[in-house]
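Here come two complexes built around chain A, the first alongside chain B, the second alongside chain C.
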Partner chain A sequence: MYPTLSTTLRPDPALTGHERRVRPDPSRRARRATGLGLLLPVALAACGTTATGADPGEATTRVDGGTIVYAHDQEPPCLYGGWVQQAYLSRQVLDSLVSQAEDGEIVPWLATAWTVSEDQLTWTFTLAEGVTFTDGTALDAAAVSRNLEYWLEEGGNSTVAAYLARYYADSRAIDPVTLEITLTEPYAPLLPALSQAYFGIQSPASLERPDEEICEAPIGSGPFVVEGWDRGDAVHFTRNPDYDWAPENALHQGPAYVDGIEWRFVHDPVARFGALGTGEAHVVYDVPTPQWEVAEARFDVQQYITPGRPVALGLNTVEGPFADRLVRQAFAFGTDREAAVTSAFHGVIPYEGNGSISQSTPGYNAEAADDYPYDLDRAVALLEEAGWTEVDAEGVRTREGERLEVSIVYGAGSIITAEGTTVLQNIQDQAKAAGFAVTLVPATREELFSGKYSGPETYDAKPGYWTSPTAGVLHITFRQHLEDSPNFSNSSFYNDPELEEIIVEANSTLDPTEQDRLYGQAQQIISDQAASIGLYTQTTSIAVGPELRDVWLEDSQGEPVFHDAHFVE
Partner chain B sequence: MSAPTTLPTERPDQASPGGGTGEAPRGPEPSGTPRRTSPRAVLTRLVSRVLGAALVLLGAATVVFAVQTLLPGDRATLLLNLQTGEAIERTPEELAPINARFGFDDPVLVQYGSYVGGLLRGDLGTSFQQHEPVTQVIGGQILPTVQLALGALVLAWVLSLITVLATAGRRRWIAGLGSGLEAVAASLPHYWLGVILLVVLAVQAGWFPVMGGTDLAATVLPVLTLAIPLAGFLGQATRDELDRVLEQPFVLSARTRGMGDAAVRVRHALRHAVVPAVTLSGWALGSLLSGAVIAESVFSRPGLGQVLVTAVDSRDLPVVGGVVIFVALVYVVANLLVDLAYTVIDPRRRP
Partner chain C sequence: MTTPGSTTTPSTAGPAGPATLTDRARAGFASARPPRLATLLSLAVLGFVAVAALAPGLLAPGDPTAIRLDQALQSPSATHLLGTDQSGRDLYTRVVHGARESLTIGLGATALAMALAVTLGVASGLGGRVTDRVIGGALEVAFAFPVMLLALLLVAVRGPSSATLVIAVGIGSAPGYARMVRGQVLAVRREPYVEAAAALGHPRHRVVLQHVLPNAVRPLLAIATLGVGQSIVWASGLAFLGMGVAPPSPEWGALLEAGRMYVTTAWWLEVVPGLAIVAVAVALTTLGRTLQQRLEGAPS
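Now for the complex of A and B:
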């Protein structure tokens, strides 16, 4: 069986036999391999793995019930928190006020309507009626207000704080279904921010419980309930039978079709993908790029290009060789990052030339992404201009006897995957031509997160990313780091009052066109300064087996949504 | 990993392991001094063993404490960053509640004192990350790891004995095949072997589940992953001895009495030949626990190994300490058992 068109093996929405919206829109978020590249891997698939038999397009009848086995990678320490690994899990049990649909449109969820005052300082949300938490208590405005207090005043979620601390003033319940949030300054990205799972609403009674209980089983109003957590193995979710308040962009209202989810933690990519082939898992996370085309031929593969900051090299603008803008620019010109990325990820994950905002983010500046094409001559000229004129016996440039040595510290296995490490190794090799001696320093998760490599004296460059549905993330990643308002997320240590002013102005601009222009301007400044050099987009992918339909990746951060999922026969 | 042949010499507490083992029986203990067997001597020996074991455990706990506490980087920052997925510096205001909660601000000696004090009271502490008592964190995960380690040890013994008995002291090419197999097995890295077994027997052939679990079917491949290299080590150690023993006069005399080859090997020669492998087993049980870290990860199997990796990643001192103390305890107990085993195998060592 050698299909000539990859589309013949994909589930056809027209054949599924019931009303559904097609998602995700492949043209926007998903990039699929096309053309000749497909033929060889399909041949490998035919001889390399056991056949699944059924064409995914054949089965059409929805079967209610059943438990979805989902194989995920990392197991976080708690099911609720400010890390995307926690958002994956808490998204299953918590609902947010709003949901982000495709193309950045914000649609109702727990909030059915909202208005903002003329001065943009007062937001009023009307809440859906009849919503109950799974502990039986009712969701009302006071409950939401209690969550805001928990996140921002009790340190309940520091990622929420990263977005809102500067802007949040107060919140109160005007009546049971009307919530008012007041801000200190206008903040236009409020709605996209609220659509993320970090902002999932928990039952106030749940929040009164000790930390360890919130950690093990957050209680919300979502389509599923945490039934139990076998650490090191799986989290078990069961269906919330009363659920009737899915976001507007869901495919159906009412309780989930399936009985529950068995959320397994399978760290080994070979085992994870293998489990889908043998039918032990129905959905697997993070399709290995070497197997990408095999996966596309046999399964429903969905890719989500995360908006926010892409995986980019933050260059240390205050200490070491990169303190000189010319040297930073020389490094950008002197490395063929596009080739490095394409080869490391087998062409599956896109190169991102923009160092501050990824291509799937509203307000992305596409021109800034082309500022530094591979140009060895320009790199050399810039280094000469910066005084690095001599070349020693090993081909490394020197200035007054000092060698042009730079260290790249990267979170191996935590921030940077094995394939991402290959990108860095490629860059290390490429940079030799211009005369850079690059040292790669792998940091364990423990070293990285304990702050060993946080200060400007500890690295010359450090790759990082920040998933966010809005270009307003620039306020987190490039706000100035000042004595009285420190910003350690600015990994380039790049302090620029003008840049901060533009970002703040953009955050306070409601008109999307004007806002995009300002965000674009901010990205251009960062690019001109070469403070952060783009590598690739942070990307989520899942593969869904042929017996399951309508699993989708939500749009603010790419978490899998199982509320609409159902088995077919 | 150390070469197996060097291992016995790394155990100075072992009373002359080679002493009476490979040699032909020469009647009474050759050393000459008569062994004292008074109850008092036994008691003294027992007390000193227990004290020694306690010191070993305290040493292990101290090393863990030192490593976890004195490494560069800040523990409160680490815990906060792990909650948010960011690797950034934190302000003192953000860190203050965490420092207060876990006492990270106290002088190191005070922290050490309270940690060891807790241990002496039998209190392993509460996990920094999971907010649960360590006994609970570890207790829930011990069984699958113990099953894995013991299963691997037993299987390794079976595999090595079969190979050695079938091939040692045979024609050159058969013996060569046996020792060649052992050398290859002993040099297989756990990770590589595990992935190969996973791909071939689980993903391709579909004989075993790909995603682990702790039932019997899911236990087979992780046990094989740990048992095959260990069988190589044990086989090598046993084979050298067996080759030597088979050339001893008492073997010849047994044969001249008309005893069959299999009986000579199993009933006479084997008893002498297994002593080095028994010595190795004490070490092996401990090393199986560390090998379990990899096997559990490859086969997505819950267990102590995964607990340890997560805890080290988050510098969760109570949990790391708990696992290390448990493993140290296993070493201590295993070596006591090995000593006991000598006396079973070699009656001359009985008091």
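Now for the complex of A and C:
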């Protein structure tokens, strides 16, 4: 059992009314509660109210079969890969070794049990027997080992590499059901990391196929199979009739109740939500916040505050005005981010002042989140101290004739939603008072993914997030960006050997209290440096129509799960 | 959505062209009647928009980007004539200040399209059979390529900006104009006054510049007026898809894009900029038609 996870969630005052997740089915919680014992009150507290779209007396008889029409936002370039948008899709067809339950507990999935050696370097997983991939081959330890090799030695998944490259040494099959993974140094967040869909296990035969085929149709042992992908329109999943190895936190064992999923891509949020109202879709992703109240009144709405890095502005610490810590701090003090966020999201998505870790993450440093309240006087004083003493005719501060101009490059529509764009515009205008001239530069997804805006010369600030069930994500987002080992996930280019050392130490610390202290210390350094400024939590929401039940968002990073879903009449 | 080619008038229609021109000319001269109400209204709209573009402060003294979070999403009232947006910015102020960028994009795209069209059309019409075939073929291909698709491609490569919109819409609408120029050139070069000029021994370039070009392009001025409106609509469409100018610009298409989240909760955010675009496009079209009637068939 992974120790720190027993700490479960920490309900934050800011989360009032916006629980980390709201699940529709009380029976589900009750069933799990029997095994939870003492954790129950905490779990219930964290879960808050029970939102059910169903009035008593409404149809509740399960009807097997039918195809779920799910309207999703973004269509990724591949159905498998290192982006959360890909994890949403691959979660439908791939199973992972473990799953994360809603209280943070790691529960069995393809691995039924696991042990770790005294020195924390050797993990031994016992695999479920009788599991077959949908291409007919059997899942065994060698197959899992082959996946690790694919991810880490053949560049099969950039996110897996971001988590494990430093820690992974080797893996081998002891026997068909026993897998041994050896690490180079202790890595406490291994199990939560493995619970994400990036770590979904594919059939080894599938991995021998050309990249394009893996991209189009990953083959695993999951509850669904990719039947086809009409690019620009929809991915079609059909049920895996042999499925009988759902994770322990699933609502049922056995094949999915429905025949399949039509996973449509509807980028426009209003059209997407409208599709639920007209019955064209049974489930929609990312409920537009202006319509939140309507959605809650009419549908089963579930919200999941993603742990990991929140949506935060990475400030370029090596080039431009933000290379000066005082200017970064001035920007943090000089923008009323809380007001900007609350207004733009209509109070639906919480403000997150912590720039490195979000409030739903174990090990969250709540004090760091309050380091930069809106304080225009302090912002001005800091800018004066930094030498930006003159103000030109347009109200922009200058230093030796240079204007205090900064650019914020953001992935419009891909990383930053419409409401997020409003947040940025609010901040842009707020920052004028302190004397910043902020330019917003919307970048297309193609520009962003092609690396056009990855170097320190290309932006002053860039908002981003990194969903992750562990504060160990700090090792991804704040590992140093060095010439021989570049780290473009460190969007601040903040290189601090001491910070990296603390994060690495935290990752190897088993005692939860000590580990939290170290993660907290790391967050404090990042906050003191104002290397990354928090905006809002990366948040997943779905709305489910009344004819469908038991769709849920899993707990490692909010991937929708349809295996338990069924229609009712 | 139509291409500029489809707004073409009978004057460019092949062999019947010259005859139609003459008929139109007669009609045009005969109807020296006072301007219609529609024309006057169009002039008024364009006058207002012109002032908005040149001196927006005269019509709306406020700052179009100043946020007031406590005033977010106010419906139209005495304080905010056309309501406020999700950041509490006054929509009337934003629409007025957005005129400049929207018009610049419309004019810029049309100018670019015209420049390309005249070059290609004249080369095609006068350059001999092979050149005509090559350019004609290229134009056919370009025609088959939807303007929006081309624009999306350009935006993906260059990133969204005013300049990208101008280039995208300009290139996209050029083939339609180019075909019209070619048709005009072919028609005009057989006119007696051109043949006369050639017979008198004027050098070829002079014949082209002084006689063919002005007469071939003149009817296009009216079409271009229509094109400006069309370009604004296209650019707005791209902006609506999130491919337009960067926020917080009040460019009209960008306003539409920003407002679409609120289409069911704050109608004015879509209706007001939408009406602005429609009003300008209709005014330009009306004036274009009037201009067309007056200009056509007055050979120099």
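Some notes on this structure:
Please note the rule applied: the second predicted complex is superposed on the first by the 512 of 569 C-alpha atoms of A that agree within 3 Å, B and C clash if a C-alpha of one lies under 4 Å from a C-alpha of the other, contacts with A are read in each partner's own complex, and residues count from 1 in each chain.
Here, contacts are C-beta pairs under 8 Å (C-beta built on N, C-alpha and C of every residue); 3 or more make two chains touch, one makes a residue touch a chain.
In this text the structure is predicted, and so the values were computed from the model without any measurement.
Look at chain A after the overlay: chain B and chain C clash there. With both structures placed on the common chain, the touch criterion links A:Q291 to chain C but leaves chain B unconnected. Of the two partner chains placed by the overlay, only chain C lies in contact with A:N426; chain B stays clear of it. Once the two structures are superposed, chain B and chain C can be ranked by residues of chain A touched, with B on top. When the two structures are aligned on the shared chain, A:A71 is found in touch with chain B, with no touch to chain C.
By the touch criterion defined above, A:E447 reaches both chain B and chain C.
Contacts of A:S343 after superposition: chain C is touched, whereas chain B is not reached. By the touch criterion stated above, A:V270 is placed in contact with chain B and with chain C alike. When both complexes are overlaid on chain A, the residue A:G232 reaches chain B alone and has no touch with chain C. Put simply, of the chain B stretches 7-15, 97-105 or 295-303, the part that bumps into chain C is 7-15. Annotation: chain A residues 268, 270, 444, 446-447, 452 touch chain B in one complex and chain C in the other.
Partner chain B is touched in their complex by these residues of chain A: 49-50, 69, 71, 75, 77-78, 81-86, 155, 158-159, 162, 210-212, 215, 230-233, 264-268, 270-272, 274-275, 277-278, 280-281, 411, 414-415, 444-455, 464, 486, 488-489, 491. Across the complex, chain A meets chain C through its residues 268-270, 288, 290-291, 339-340, 343-344, 412-413, 418-419, 421-422, 424-426, 428-430, 439-444, 446-447, 452. Across the complex, chain A is touched by residues 65-67, 69, 72, 86-88, 155-157, 159-160, 242-243, 246-248, 258, 260-266 of chain C.
Residues of chain B that touch chain A in their complex: 71-75, 77-78, 80-91, 94, 97, 129-132, 137, 140-141, 195, 198-199, 202-204, 206, 209-213, 296-303, 306-307, 310, 312-315.
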